[in-house]
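Each of the next two complexes has chain A plus one more chain, namely chain B in the first and chain C in the second.
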Partner chain A sequence: MTTSLRLRAGLVSIVLLAAFLGIWHLATRSTAPVATMSPEYAKLMGLTATQGKSAMPGPLDVGAKLWEHLKRPFYDNGPNDKGLGIQLAYSIGRVGTGYLLAVIVAIPLGFLIGMSPLLSKALDPFIQVLKPISPLAWMPLALYTIKDSSISAVFVIFICSIWPMLLNTVFGVASVRKEWVNVARTLEVGTIRRAFTVILPAAAPTILTGMRISIGIAWLVIVAAEMLVGGTGIGYFVWNEWNNLSITNVIIAILLIGIVGMLLDQILARFTRMVTFPE
Partner chain B sequence: MSTFDNPFDPDRKLGAGCACGQHRSAEEHEQATALRCDPFESEEKRYEGVVASAVMRAMFPQDVARRAFLKSVGASTALAALSQFFPIKTATEVFAQAGTPEKKDLKVGFIPITCATPIIMAAPLGFYSKHGLNVEVVKTAGWAVIRDKTINKEYDAAHMLAPMPIAISLGLGANAIPFAVPAIENINGQGIVLATKHKDKRDPKDWKGLKFAIPFDYSMHNYLLRYYLAEAGLDPDTDVQLRSVPPPEMVANLRADNIDGFLAPDNVCQRAIYDGVGFMHLLSKEIWDGHPCCSFAASREFITTAPNSFAALTRAIVDATVYASKAENRKQIAEAIAPANYINAPVTVLEQVLTGTYADGLGGVKTDAKRVDFDPFPWQSFAVWMLTQMKRWGQIKGDVDYKAVAEQVYLATDTKKLMTEMGLTPPASSYKSFAVMGKTFDPTKPEDYLASFKIRKAS
Partner chain C sequence: MTDKFISIEGIAKRYPGAGAAMTTVFENLWLSMARGEFCCVIGHSGCGKTTVLNILAGLDAPSEGAVIVDGQAISGTSLDRAVIFQSHALLPWRTVLGNVAYAVSSKWRSWDRAKVKAHAQTFIDLVGLTGSEHKHPSELSGGMKQRVGIARALSITPKMMLMDEPFSALDALTRGTLQDEVRRICLETGQTAFMITHDVDEAIYLADKIFLMTNGPGAVLAEVVENPLPRDRGRTDLHRHPLYYALRNHIIDFLVTRSKTFAAETPDHDPRNVPMVHIGKPGLSIASDARPEPSRETSWPGLSRPSTSS
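And now, the complex of A and B:
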C-alpha cells in the first residue's frame, strides 16, 4: 500500500515536472526575425532584438549552462569570477559561522530565561521588539559599526537566526512537565544536574525545531546579504549575473539555492528525529 | 628655463613667448594647456628623456653655456657624452620605480561600467604590476556600497562618480571625511536612452510626466539630466520623476515599463539597445563635450599614510588612462574587460561603446569616435561646476567656498607634477572654461553662473 502510494506520488511529480518544462519551453520559443534590418546593424544587436528570441531563457538553455557549471565547479578566474562550488562554499561558510554563534548564545540564554519566570517576563518585551526586525535592516548599522562587510554578513546571519532558537528554547524549557521537575526535586537532584538530565532531554525536540527554523531563515537571508555586500558567495553570483542580464545563470543559482536549502533543512530534521521521544 | 621643454634643443628661444612664459609661442601654450597624450616609443624612452633632461640641466645650469655645448657637439653626442660619466640607464630605472610603496597589496573597488575602464584594464593589461603594485580590483554592488567600503578602509582606493568625493568631503549623505581625486577616469561616455515606444517624442519639451532613472544622486548623470530638462523648460523636481536606480536594473526596468528612460553610464545604454528595449536619444557629449563622469578617489588618510603607494597607484591609473585614450587600443581593451571577472558584458556591446561605432536602436549605425574618451587630468573647474549644480538643486545649502573645496578635493597640482615626471604634458592651468549646451561657464564666477539659471530649487 505504502509503496504503491509512493510510486504514484513519484509518477505525479514527474508528470508535473514534465508539464512545467514543456510549458516553459513553449512559452520561450523564439519567433521569426522581428523586422528587417541591415546586416551591419543586426551584427551590433543582440539575439532578442534580431531573432525575436525571448528575454527569458528556455529550459534547454538553462540545462546546457548548468552542465557547463557542473563540469567546472571550482574554477577561479580572479576575485570577481569564481566557480559555483566556491561561491556556495563561501555562502555555507558564512551561514555556518553566524548560525553556530547564534546557537552558542541562544541556547544557554534561552535555558536561563526559560528556567526563571522573572527573567522570562522581564526580557519578553525586548525579544518581542527585536524579533520582527528584518535582518537586512541591521545591515547598514552593521556596516557602519563593524566596518567590515564579510563580518557584517555573518552578523546579519547571527541576528536573524538567534530569535527562533531563543524563543523555542525558552518555550521548551518552560513547558517541561511540572511532574518531572517535581520528581527530580523530591529526589533532591541539584539544579545543574536537573537542567542536564531532566529539562534538556525533555526540551530537546522543541529546541531543535527552533534550530531548524533558524537554519532556513539564515539561508534565506544570506543570499540577500551577499547581494548587498558583494565579493563572494552565491548571492553575489546572482547579482553579478543580473548585472549582465544573464537570466539563465540567475535561474541556475535559484535552483542551487533551493537544493542547498533543502539539504540543510533535511540535516536538522534528521537531528530532530534523533532526540524525539515517544511519550 | 622651464621644466616643460627640451633642454637638448639649441634653438629653443629663452625669452618669454607666451603668457605663462613656459612656451615658445602662444600656439604652443594653447596646445600644452589642452591636454594631449603624445605617443612615446616606449615607457623606458619616456622616462629616459625625463632623466636625461634633468641631468643636462644640472650640468649646465647656465642656459648660455648649455647652448654653446650643444651647438658644438650636437644633441645626440651630448647625450652619449653624458652617459659616459653619468649612468643615465640606471638613473632611469631608479626614477621609474620612484619611492618604494609602503603597501604593495591594494584593493580597488569598481562598479562594472565602461567608465571604470582604466581602473579595470590596468589589472589584466598589467599597468599596476608595472608600477610595482599588486592590485586586486573588486566589483561592487552600488555607489553607496563603494562609498562605505572605501570609508571603512576595505578598499584602499575606488572608482567613484566625479561628484562623490566632493559630497563625501562635504559630508553630504555621509559623514564628512576628506577625500581626494588624483585622476578623472573618463570624459563623455553617457547617454540618454528612451524606451522604444517614445521614438516620436524626441523633443524634451514633451517629456512632462515621464519617469527617468539616474544612477545616484551625487552623479554627473543627475546634474546633466536636470540641466538638459531645465534648458527645455521642465522643472526636474516637479515636472518629471527622477529615480536613483542601480545601472543593471535600468535595462530591466525599461523593459518592464517602470521607467520611460534614463541617463546612464555606458555599456548600460548600449545594452538596452542591444536587447532591443530602447534607443539612444542623445549622447551626453552633445550636452557637454568633454564632461567628466567618473573619478579615481582615495581618502586623505590613505594618501598621507601611504604616499608612495598612492603615487604609484595614480601613475598606473594615469598610464592606463593614456593608453585607453588611443583609439587603436580600444578593441583590445573591450576584450580585456568583458569577462565575468570584470565588467561581465557581451564583447560586442563594449566594442560599440569604446570604438564609437554603434547601433542607435532605431535601425541606424552611427559613428562618433569621441563617444567615450579618457583624460586623467582633474580639472578643478569641473569641481567648481559640480558645486554650482549641487547648490542649484538644493544638495548644498548656504555659502560654498568653491575654490577651496575644488582645490582640496581635486588634486590638480599633484597630478600635474606626477604627469610631468612621467614625461606627459599636463596643462599649465588647473581651471578652464567650457560650454554646457552652448552656455559658457566661467570658473572664476560661479555665483553669477548659478544666478543665471531660471529653473532651480528655491533655497
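And now, the complex of A and C:
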C-alpha cells in the first residue's frame, strides 16, 4: 500500500515536472515576428530582435549551461569568473562557520537560561528585542567594526542563526518533564551530571529542531549577505550574473541554492531523528 | 511506637492563595513509622497525601516542622529514600537496563560498568523482567514499566520506599500481581514502606498500619488503623478473615462520611496523639477520650459472621 502510494506520488511528481518544463519551453519559444534589418544592426540587437527569441532562456538553454557548469565546477578565471563549485564552497564555508559559532554560544547559553528562572526573566527583554532584527541590518555595523567583508558575512550568519537555537534550547530545557528531574533528584545526581544525563537527552529533540530552523534561515540569509559584501559566494554569483544579464546563470544558481538548502535541512533532519525517543 | 524510624513532626504546607491569604493544605501533622513497617495513607484527592510523600522524599520542603529519619532531620533528597512514581517516570531514551543502571551508578559512583550492570541485572531479575533488559520503555506494557520503576527503586538498596499510587494506572490483574511482588520483596528485604493509595483493598492487603486523612484544605491525620490481619496473609483468603470486613467497612465509612465531618465532630482532636484504632478490639479502639461516642466501633456486622478461617 505504501509502496504503491510512493510510486504514484513519484509518477505525479514526474508528470508535474514534465508539464512545467513543457510550458516553460513553449513560453520561451521564438514566436515574435522577425524584423528585417541590416546585418550590422542585427549584430547589435542580438537574437531577441533578429529571430524573435524570448529574452528568457528556455529549459534547454538552462540544461545545456548547467551541464557546462557541472563539467568544470572548480575553474578559476579570476575574481569575476569562478566555477559554481567554488562559489558554493565559499557560501557553505561561511554558513558553516557562522552556524557553528552560533551553536557554541546558543546551546550552553540556552541551557543556563533554561535552568535558571532568574536569568530567563532577566534576559527575556533583550532576546525579544534582538530576535526580530533583520540580520542584514547588522551588516553596516559589522563592516564598520570588523572591517572585513567576509568575516562580516559570517557574523551576519551567526546573528541570524543564534535566535531559533537559543529559544528552542531555553524552551526544551525549561520544559523537561518534572518527574524526570525528580528521578535525578531522588538519586542525588549532581547538577552537571543531571544536565548531561537527563536534561540534555530530554531536550535534544527540541534543540535539534531549533538547529534545523537555524540552518534554513542561515542559508536564506547568506545569499542576501553575499550580494551585499560581494567578492565570492553563490549570492555574489547571482548578482554578478544579473549584472552580466545572464538569466540562464541566475536560474541555475537559484536551482543550486534550493538543492543545497534542501540537503542542509535533510542532514539536520537526520540528526533530529537520531536523538528523538519514543515515549 | 517505641522505635520511631521515621517521625514526621508537626509539618505544615501552605501555598500563597488569593490576595495575602495563605491556603493551608495541612498543618501540625504528626506521624511516625517503625523500621520494617508498611504504611498506607488513604484520603481523598486534595488532602495533601502526595505533598506529605514529597516532603518525606525531600522533593518538597514543609512550610513548618521537620521530618526525622533514622535519628536525623532530613534536608533534601537522599539515596536512602527511594521513590516509586505514579507515572513510573522512566527515562524513555534509556533501556530497561539503562534505567536501573542509572540509579545504581548514581549510588555507587566508583563502580565499573560490569559491576553496575551485574547489580542492575539482579534487580531486573527480581521483578521478573529477565529478557527485557534491552527494551526501551515505549516497548513495555504499563505493568512492565512499573516493574522497572520498582527495580530502579530497589536497586539502590534504600532504607525506605516511598510509593505514590504506584499501581493506580494499571489494570486490576496486573495490579494484583505487582502488589504480590511488592509485598514479597518488602517482607524479604525488611523494607520500610510508605504508600499512598486510593484502593482500600490494596491498603488492607499490603499495610501494617493505615493512616486515614480527612479532606483538605486544612486536612488532618484523623486516625491510624492497625491492620488486624496476620502478617503472612495471602491474597486469596484475605476476605475470609473474620476481621476483614470490619476493617474494610471502617475505612470505607471514613472515606464516605467521616472524612468530611471529622473536623466538626471532633473539635478536641489532638494531632500529636492521633488515636490508634484496633479493629475488633472495641475496648482498645479509642486510645484516649478523644471522641465522645466510642460506640461507633463496637458493633460490626462483620464480627457476627461465622469465622471460616482460623
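Definition applied: the second predicted complex is superposed on the first by the 276 of 279 C-alpha atoms of A that agree within 3 Å, B and C clash if a C-alpha of one lies under 4 Å from a C-alpha of the other, contacts with A are read in each partner's own complex, and residues count from 1 in each chain.
The criterion applied here is as follows: a residue touches a chain if its C-beta (ideal position, glycine included) is under 8 Å from a C-beta of that chain, and two chains touch if they have at least 3 such contacts.
Predicted model, so just to flag it, every value in this text is computed and none were measured.
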Partner chain(s) touched by A:Trp180 [first = chain B, second = chain C, both, neither]: second
Which superposed partner A:Thr197 touches (first chain B, second chain C, both, neither): second
Touching partner for A:Asp81 - first (chain B), second (chain C), both, neither: first
Touched partner set for A:Ala55, first chain B, second chain C, both or neither: first
Chain B versus chain C as contact partner of A:Val189, first or second or both or neither: second
First, second, both or neither for A:Ser4, with chain B first and chain C second: neither
Those residues of chain A which chain B touches in one complex and chain C touches in the other: none
Residues of chain A touching chain C in the complex: 177, 179-180, 182-189, 197-198, 201-202, 277-279
Residue numbers on chain B that touch chain A, as the complex places them: 112, 123, 136-141, 145, 148-149, 152-154, 248-249, 251-252, 255, 271, 273-276, 339-342, 344-346, 348, 352, 357-359, 363-365
Chain A residues within the chain B interface of the complex: 34, 37-38, 40-41, 43-46, 48-49, 55, 77-81, 143-144, 147-149, 227-231, 239-245
In the complex with chain A, residue positions of chain C that touch it: 57-59, 76-79, 81-83, 85, 87, 89, 91-93, 102-103, 106-107, 136-138, 156
